[in-house]
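Shared between the two complexes below is chain A, which pairs with chain B and chain C, respectively.
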Partner chain A sequence: MDLQQDYFSLFGLPQGFDIDKDRLEQAYRDCQAQVHPDRHAHRSDAEKRVSMQWATHVNEAYRTLRKPLLRARYMLSLRGVDAGIETNTAMAPAFLMEQMEWREGVEEAREGGDVSDLEHMRQRLDLHERELHQNLSGQLAEGVTDGELAADTVRRLMFIEKLQIEIDDALEALED
Partner chain B sequence: MALLQLQEPGESTAPHEHRLAVGIDLGTTNSLVASVRNGISVCLNDADGRSMLPSVVHYPRAGTTLVGRGAQAFQVDDPRNTLVSVKRFMGRGVKDVTHIESMPYDFVDTEGMLRFRTAAGVKTPVEVSAEILKHLRERAEASLGGSLVGAVITVPAYFDDAQRQATKDAARLAGLNVLRLLNEPTAAAVAYGLENASEGVYAIYDLGGGTFDISILKLSRGVFEVMSTNGDASLGGDDFDHRVFCWILDQSGVAPVSDSDARRLQALARRAKERLSTEEEAQVRVTLSTGDEVDLTLTRETFVDITRTLVNKTLAPVRKALRDADLSVDEIKGVVMVGGATRMLHLQQAVGEFFGQSPLTNLDPDKVVALGAAMQANVLAGNRTADDDWLLLDVIPLSLGIETMGGLVEKIVPRNSTIPIAKAQEFTTFKDGQTAMAIHVVQGERELVSNCRSLARFELRGIPPMTAGAARIRVSYQVDADGLLAVTAREMSSGVEAQVVVKPSYGLADDEIADMLKAGFDNAGEDAKARAVRELQVEGERLLEAVQQALLADGVLLDAEERAGVDAAMAALRQAVAETDAKALRTALDGLSRQTDAFAARRMDKSIRTALAGHKINELKV
Partner chain C sequence: MAYSEKVLDHYENPRNVGAFGKDEAGVGTGMVGAPACGDVMKLQIKVNGQGVIEDAKFKTYGCGSAIASSSLVTEWVKGKSLDEALDIKNTAIAEELALPPVKIHCSILAEDAIKAAVADYRKHQEAKGE
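Moving on, here comes the complex of A and B:
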């Protein structure tokens, strides 16, 4: 057992996009219960150091597996596929068009101070996000060797996440 | 060493010695110290039976520094040398402090953390806080009858890195071994959650004298997981007092007033505020040094009116914390009120209305933080029993970033990340042959560096000359379990490790602290060298004990050769501890530490394997 082991094995979970959240959470807590610096505060400096390293690693593993987008990107990286951060050259023109329309919509609603419009867009994006998650489940299934389909979905999800953040920021700004 | 210690008959049935540890709530207006005695967390009182120590320090022209009520007596007559609410100045510059014009202090205008000119010389907020901590340490040692293994010091959850570091430095100056910096709402949650065996999502609303925190925690089977935190590091009960103070000046028309009259009126304002938690109205009656008479009646209605904006100011962070936790109000099972300022009735009402439920006030809001901190200190010191099987998973309150081109911030560690956490980012040079790079570490949520808090500036030197964009400089951020940041930078393509020089923006440099420590010993007529040796000896004994216990538990993880190496290093350290050569002690300490590195890693592997094995067995049962 070492820090190089993949996150799924670390938590004793089968590798797959669909994840048992309760099991993940329980395994995370069981791991932290062993490695957390609070459990080693009275030990030697060497043990404290190892404990911090491990606790950091376990936190990172949990964060990665808990969030669908990070999980998908991580699974791709395990298969040697880089989802291509910020490279939108590979994206279908129709999708890019749609993104521009979305962005303009958010901008307009923000300037007009239209909270219900923003909330409506947020709901539509959330729905779309869920659909893409369902797609990923098959695209990242065991035995699927072509990672490009999943990589494309991941890139779409990254766009959606950016839009969601923009909407949340706009909502927050309108609230203050 | 514990193994050699004789136990007094009937004193303890524990398998090892009970280590004395305390929790300290270093508050803006009051500070407390608590400890677990016979399994129960209790506040330790002074000789007069009072647990709360006013966070006031008086520096007289001659004689010893006064702390607490003794210092408070000088508040009116010598305001310049009597420092109150110093927590507000920790890790802060002169420009950061609001209402600075109405403060009676002689501020030293300096870069970085502000300082006060007092009758006893120039003092930093860190030194003033250290006086309070020292006072509490001495109270605890007298009360518990021995020296402390360590202390958990609480800090507002919304404290940034500079404020946390300043607090830890103060503890060091006070001669305390800091087991952990613990967020105040989390400490309160421990005391509350364990007392009530709670499960579910709770909001901890903590309004102290000078700081406001809101933490959303999930309590489940002994794990306290902070989901999000927010707040305002300069909003507290003091601000409510200030509103009343301004109202008094406004209504009586006595302004401008002298520093000592201002202090007198501030005290009256506070008393009036406190009175309104039980009475319908409060009288403000005083004759000032000028002969002016003040005679006013403050009604609850007026008080609510003049402080409404402050109450609302606490609700914005609450909304943000809920959003960050991705929760709605109706998912909150309970709201726990912490901090003396939550005694204000209209505040309780506003919080109750916001959450749609009455807030919980069944634990003393003044004591709950110290009590929780003491429970955690007890466990961290190694006194864990079967009942103490809880775990705290806390977060970092504010994003950590780095300055990039054009004065913009690139976030490296996002806020509300569970700690400890490490993140790295790669940067490159923008000029041919560039051999140095300036790195500016900032904290905050805003896009512009100028709107964030500057934590430190680095100069990375010794980058081998390359064409622009060829160097790969990896900047790594590591946040430890105290929420404190360490930054390292390394040039990757050449493998050369460049030197890093840190200059904290609002903190004290290590040599400044060393000087202060030395000055403290000189003052106490102590020999700094002898003191340093004693500290190394204690450290040596602690390490020997820790290794001894590790060997007892997991000695089988070492082969004969490794075991011989560890035994030899232990013998060397035991020898050094028996003598008084500081250099030899340091060498022996490092030697044993090095010998046990691999052992420590193997022990951790083993415990993780055990954890997961247990996990799998549990699943089979389901």
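Moving on, here comes the complex of A and C:
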């Protein structure tokens, strides 16, 4: 195994946004079995350190590829595209206006104790998230050289994720 | 994380929360968002005939630092010309509120919101002049 290898190659998967989850799980378990530090308990300290380093690398690779948003961000980084997560504040005004309305809606439902409203919003949001994932599949396809569209979708998904957390927090608070 | 006293003050007593009426004249609206934390900020300025910002309002969904940053800049821009408002730097906001490094992006958001509001106002003025 080679630490310089990208995460897809590490698990023997084709580089793409749509991923075969079962294959990822299987490849992860196979890798883990090879590098697990306990397997090397009888080895020297240096060897144990290397195997620890490997185990960390494999875990990180798995965590990254498993989550669609992290996977997309990772694919952009492989292509040298800066998604502008920390720096790009200029989202499309219509999108930001929509975000404001979502946040207002969540706030109102939370204050009004409207659980079914919150659940309904969560469903609509999940649907929207799936649409954006479908977009990413094309935007990150092999041969697409302009990463800007995918970067914009990734930024949108960051806001969607935040909203999902807000809704889940509200639902949790109302349950208590 | 502990917030500074100034952040807490703006967070607990935010200045200038709200929005101007849709048809009010001389209003510029800036909408910005920070993907890293999902914060969204709307900042509006109301400019008088002399080109001076006479009032400002904001609505922010975000953490205490984001709310404090926007509240602070609505106070700062009042009485300033558009060019003076554009001179407000995020570093000054961060310094005034004693923001920790992980919250610097909140001050960047507020600076970008002013820029977006001024750009929006100027765009409307140009459209009227044509």
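We adopt the following convention: the second predicted complex is superposed on the first by the 170 of 176 C-alpha atoms of A that agree within 3 Å, B and C clash if a C-alpha of one lies under 4 Å from a C-alpha of the other, contacts with A are read in each partner's own complex, and residues count from 1 in each chain.
In this text, a residue touches a chain if its C-beta (ideal position, glycine included) is under 8 Å from a C-beta of that chain, and two chains touch if they have at least 3 such contacts.
All of these numbers come straight from a predicted model, not from anything done at the bench.
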First (chain B), second (chain C), both or neither touched by A:43: first
Chain B versus chain C as contact partner of A:163, first or second or both or neither: second
Contacts of A:103 with chain B and chain C, given as first, second, both or neither: second
Chain B versus chain C as contact partner of A:55, first or second or both or neither: first
Residue contacts with chain A in the superposition, chain B compared against chain C: B
Partner chain(s) touched by A:77 [first = chain B, second = chain C, both, neither]: neither
First (chain B), second (chain C), both or neither touched by A:93: second
First, second, both or neither for A:29, with chain B first and chain C second: first
Chain B versus chain C as contact partner of A:137, first or second or both or neither: neither
Chain C-contacting residues of chain A that also contact chain B: none
Complex interface listing, chain A residues touching chain B: 1-2, 11-12, 23, 26-27, 29-39, 41-47, 49-52, 54-56, 59-60, 62-63, 168, 172, 175-176
In the complex, chain A residues that touch chain C: 83-91, 93, 95-97, 99-100, 103, 107, 154-155, 158-159, 161-163, 165
Chain B residues within the chain A interface of the complex: 19, 149, 179-180, 221, 223, 316, 319-320, 323, 376, 379-382, 391-393, 417-422, 478, 480-481, 543, 546-547, 550, 592-593, 596-597, 599-601, 603-605, 607-612, 614-616, 619
Interface residues, chain C side, partner chain A - complex: 31-38, 40, 42, 59, 61, 105, 108-109, 112-113, 116
